[in-house]
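As written, the chains take the letters A, B, C, D, E and F, and residue 1 is the first residue of each chain.
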Amino acid sequence: MTHTSVLAVFAHPDDAELGCFGTLAGLGAAGFDVHILALTNGANSCSPDAAFRPVEAKASAAVIGADLIIEDFVDGALEARRETYSCVADHLARLRPAVVLTHMVGAMDHQDHETAGRATTTMAGRAPYVKLILQAEPPLMNNLFCPNLYVDVTRYMPDKLTAVAKYQSECDKPYVAERAIRERATWWARQAENQDLAEDRHYEAFRVVKAKLDPELLRAFGGRAPR
Amino acid sequence: MTHTSVLAVFAHPDDAELGCFGTLAGLGAAGFDVHILALTNGANSCSPDAAFRPVEAKASAAVIGADLIIEDFVDGALEARRETYSCVADHLARLRPAVVLTHMVGAMDHQDHETAGRATTTMAGRAPYVKLILQAEPPLMNNLFCPNLYVDVTRYMPDKLTAVAKYQSECDKPYVAERAIRERATWWARQAENQDLAEDRHYEAFRVVKAKLDPELLRAFGGRAPR
Amino acid sequence: MTHTSVLAVFAHPDDAELGCFGTLAGLGAAGFDVHILALTNGANSCSPDAAFRPVEAKASAAVIGADLIIEDFVDGALEARRETYSCVADHLARLRPAVVLTHMVGAMDHQDHETAGRATTTMAGRAPYVKLILQAEPPLMNNLFCPNLYVDVTRYMPDKLTAVAKYQSECDKPYVAERAIRERATWWARQAENQDLAEDRHYEAFRVVKAKLDPELLRAFGGRAPR
Amino acid sequence: MTHTSVLAVFAHPDDAELGCFGTLAGLGAAGFDVHILALTNGANSCSPDAAFRPVEAKASAAVIGADLIIEDFVDGALEARRETYSCVADHLARLRPAVVLTHMVGAMDHQDHETAGRATTTMAGRAPYVKLILQAEPPLMNNLFCPNLYVDVTRYMPDKLTAVAKYQSECDKPYVAERAIRERATWWARQAENQDLAEDRHYEAFRVVKAKLDPELLRAFGGRAPR
Amino acid sequence: MTHTSVLAVFAHPDDAELGCFGTLAGLGAAGFDVHILALTNGANSCSPDAAFRPVEAKASAAVIGADLIIEDFVDGALEARRETYSCVADHLARLRPAVVLTHMVGAMDHQDHETAGRATTTMAGRAPYVKLILQAEPPLMNNLFCPNLYVDVTRYMPDKLTAVAKYQSECDKPYVAERAIRERATWWARQAENQDLAEDRHYEAFRVVKAKLDPELLRAFGGRAPR
Amino acid sequence: MTHTSVLAVFAHPDDAELGCFGTLAGLGAAGFDVHILALTNGANSCSPDAAFRPVEAKASAAVIGADLIIEDFVDGALEARRETYSCVADHLARLRPAVVLTHMVGAMDHQDHETAGRATTTMAGRAPYVKLILQAEPPLMNNLFCPNLYVDVTRYMPDKLTAVAKYQSECDKPYVAERAIRERATWWARQAENQDLAEDRHYEAFRVVKAKLDPELLRAFGGRAPR
């Protein structure tokens, strides 16, 4: 493997887009191979067009040239079983990602999110090659979400909006509307910047589960050439 | 200001050394200007040699060429008063650090640590130029400390040990003994690396309060040249 | 006393406006006597016009006909001392409010907020006539705020905006801008309504500390005339 | 639908009676249609008379004219599966309750309680018509239960005691004894009233998960006719 | 020192009696020297007889032959200052207790309780001779108290009731009434025994902060003579 | 039954050894009958020798004369099902242990650990004969483990090391190496003793879930013959 990998593990197609697509775009631009793993095909939508969800997901991932994997667990029935944990573990072992993103655990927003977040946090936490594990904001019912990491995705907002817009079968969900996505990203920008920010910044918000750093990394916070 | 700054705010001389000196050394090597602020002079030690503490602190900071500031709050009496908050705020405003390190809040290990940690976390959280706020492991009574960031300080352990050894007036405290410091750094290495690590790695452990990132930063986790 | 009272206890003039003015307006409309207690005069602002803060606060309270009390604790120096607790206790004993609103405790956003929130939560918790204690959202650094009560203040948004606009001396603070206030109220509307809401709803968000109910109260959630 | 609905979702017949029957009685008196959903038939009791549990449950619900639904999940085997979540979701969609009551999550008192509480909290949290979600006190092992809402059920205690007494098959369980139920309700009265209460008050205790209010509701805390 | 010591550190005379007098009686019977430290004289009571509080405290301690120390911090003004911490530290150093009991931290029930609990927990946690640190139930506002240790004080209830009855100046406080104390002790008995207990058991409840055990200690849970 | 029992319930052979074998040895020496229940046979190891795990477990238990029970749930697939809870309940009912040890809940280190810890904590919490429930340190990913009970196992370290060494099939796991086990026990000794301890002490660390004490027990903390 010539590039370092990022693996985003979420329950349904569209979860990665809503929670961290700007960050994935930024990681891609920074030279990572980006992989998105949807554990179900999202067929449980109210929409009659749910059968198109995998096609939509493909088009969405293509916006940033990400690799998309859709597993065949049943939407709404992603249970805390051995198969779920093994599936996540196998993809981790195959891709050996340095960065892993997944659902927040404990939000009580959707049973599949809880299962996917627990399995991924557990399995990534055991993998020695994983350097960073982040849990993303839930799209609904985020009142227990206490972020401590904010990523400036301003320059990747067009990609994020384009990707979410691929999900035509979801367009009845209010949180996939462009306005809702912009408001959300503006909200996190205000928290990240303590309200001082220019009106046109956009951020995504995360909870750090584990980060393992070389001090060189910290140069990114503003250091310059080594002395 | 030509270099970006780091500010470590702790209650007593020796607190920064025990909690994050390896990380400070790494930040210095990465091109940051490192500033250590001790809010008291540490005169409350049992040792008759406590008067030497500021001299020792100076010698310790010099190991990595850090700037040392010792304020004159009274050791053991660092109270949650306006003066404490203003002092921290003034140093922040003057140095405009990108990275701030301080005590863990809530450890109930020492009243001065609690006050210093609260004042610094509050004031740094309000400062728009601060990009990263970390709380360090308490030297005693760390049973409530739940780290989520580990920094590999292996190459800076000689600096850390040299710095701590400057505190001759503290040598009766078991946690400043070289063996204790090595054991601690090995412990965090095992947690960071899931036990898989070679025997000779050393880490420091932190709790992320807030991080504000540009996606470029994430390249440090393993990305390569941008596409 | 012919009307039942509400008492909002905050550290500075403008805190009540930002955190709960819509709810106070609604309580006033529902027949409560509304009292706003600012423990300091807010003179610690960066603005040279801070001397006008009490005048501004008066004009703001007048928007909804609320009673305004400004105590003379020093802005930035509201410490956890007996005087603070006694002051809050005295106003509670005098007004015997059924509803008390104050700062969130534990946000680490401002030392005065922490002190005011703790003193009020403690003293109101001990007062048998208090039926409802709510902690409001911090204006900055709300990442630890986990609301569980949302109040629809759509019809009181004009009052809220008018009241905040009285604080001309604050207009350099980004979180008092009308746009910021609208965005915040829209954000909470989306959380309260699970995103399903029409675009033009506005809410304020709170944490319930204690509520003591007669089941009749619950009729307000949708019951009709008793059988 | 002419009346607004309340839905209490618990794992076993008798759970709703022990945790919130007084509140349900009060809601009924306030004009709500009260529905009690028991996800299992409670057949796992030690009693040879467990087969009578559904009959007992019917008689108990009749005390306040509540609608009783008993689903056929297996007592002791209520697992976090799709069927459980769908069942709860279907009853929510059918009844569109404004108020939902369920088990506390996280008590580790009974696996069925945990599952029922999680499924109901998740599904009710997603339903836009639900205005109030409350978690009730566990009958055993309540040391992690931190209530913040107390309902005065003094006038409904006879109903509660009559209802619980219907469960003859349970009479070997010490917590269904009348004395235990009275002690419990007196305990919560003392917490609600800060011990100041007359000896003969009785309360039930809850944890607020989510409340969505119109300010008019707040009149119930003591406001009078609108101005 | 021939006997091992126990030190109970509370803010006011009567706090130790309400929270842990049965346990202190049991420790005395088990051969410990029992010391009760009241940091204030309790003069802030509403009662005109508050001047008698130290006399009452003396009479109360005498019930179990405990040593009573009353410090002269001001009731209602026990602040988190150096003098408070030093006072507690000095008594610890003098008595070298194996067991320390104090207020719960975080209850927000009384500012003096918070200060006394924090100072004692911090200082006892740093003392190597302390083997057990327990935080007692708050007499009011215990909704955040999550006990994990229950002590059977049935045989010491007469002592506890006799001791509390010495506080004639407090008799207007509902939580010092004999009935309230019995109800409380019965409540904890039910939690400790999972409701299965005979009607006549009484317990006190605590939160374990730190326990340091020799495995021999564990024999007390039911082992017999060593093999 | 002539002796009082201890029951350690863990997911895999080797979990009890790593988490609490020294304590089990001490309990055995104090006169308890020690029972170790492994819910799976540990066959999911990477090692080709995993088939030998039950034989190894037998040899390990024999070091302290403990009774070993291996149930046949599938390693990696210990799910939160009725069978799991019933199995634990049956062994509890049969052995009626006074002391129960199990996994920490909430560590997100291994799905089987979570299930075993939840089932055991729940079922032991409901059993009136259980006087002490302890959760042991996770062998990996212990950053959320907040111990409050430390057991001095210095004299039982040879037994612990001998027992762990029986697991030849595990010798590729870094945390079963003698050095790792010694480091861990030394770390907890430093926390227990506040670093003051002689270099050669070893401890195990636990979280107290529930303890139910007779005051006589407290004599073990240093009291002497009763008066």
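Keep this in mind: a residue touches a chain if its C-beta (ideal position, glycine included) is under 8 Å from a C-beta of that chain, and two chains touch if they have at least 3 such contacts.
The structure presented is a predicted model; accordingly, all values stated were derived computationally and were not measured.
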item	value
Third chains touching both chain F and chain E	B, D
For chain A and chain F, chains touching each	B, D
Farthest chain (mean CA position) relative to chain C	F
Option in E-F, D-E or A-F whose residue-number contact pairs overlap A-C by over half	D-E
Interface residue overlap between copies chain B and chain C, same or different (over half shared)	different
Reference chain E; chain at largest CA-centroid distance	A
Centroid distance [mean C-alpha coordinates] between chain D and chain A, Å	37
Centroid distance [mean C-alpha coordinates] between chain D and chain C, Å	32
Numbers and ranges of chain D residues touching at least 2 other chains	80, 125-126, 140-141, 143, 148, 194, 196, 210
Pairwise chain contacts, counting only pairs that touch as defined	A-B, A-C, A-D, A-F, B-C, B-E, B-F, C-D, C-E, D-E, D-F, E-F
Residues of chain D that touch chain E when the two form their complex	140-144, 146-148, 173-175, 179-180, 183, 186-187, 190-191, 194-197, 199
Touch list for chain D against partner chain A, complex	80-82, 85-86, 105, 118-119, 121-122, 125-126, 210
Of chain E, residues touching chain C in the complex	74, 76-77, 79-80, 108-111, 140-141, 143
Touching residues (chain side chain B, partner chain A) in the complex	3-4, 22-23, 25-32, 98-99, 125-128, 131-132, 148-153, 156, 192-194, 196-197, 208-227
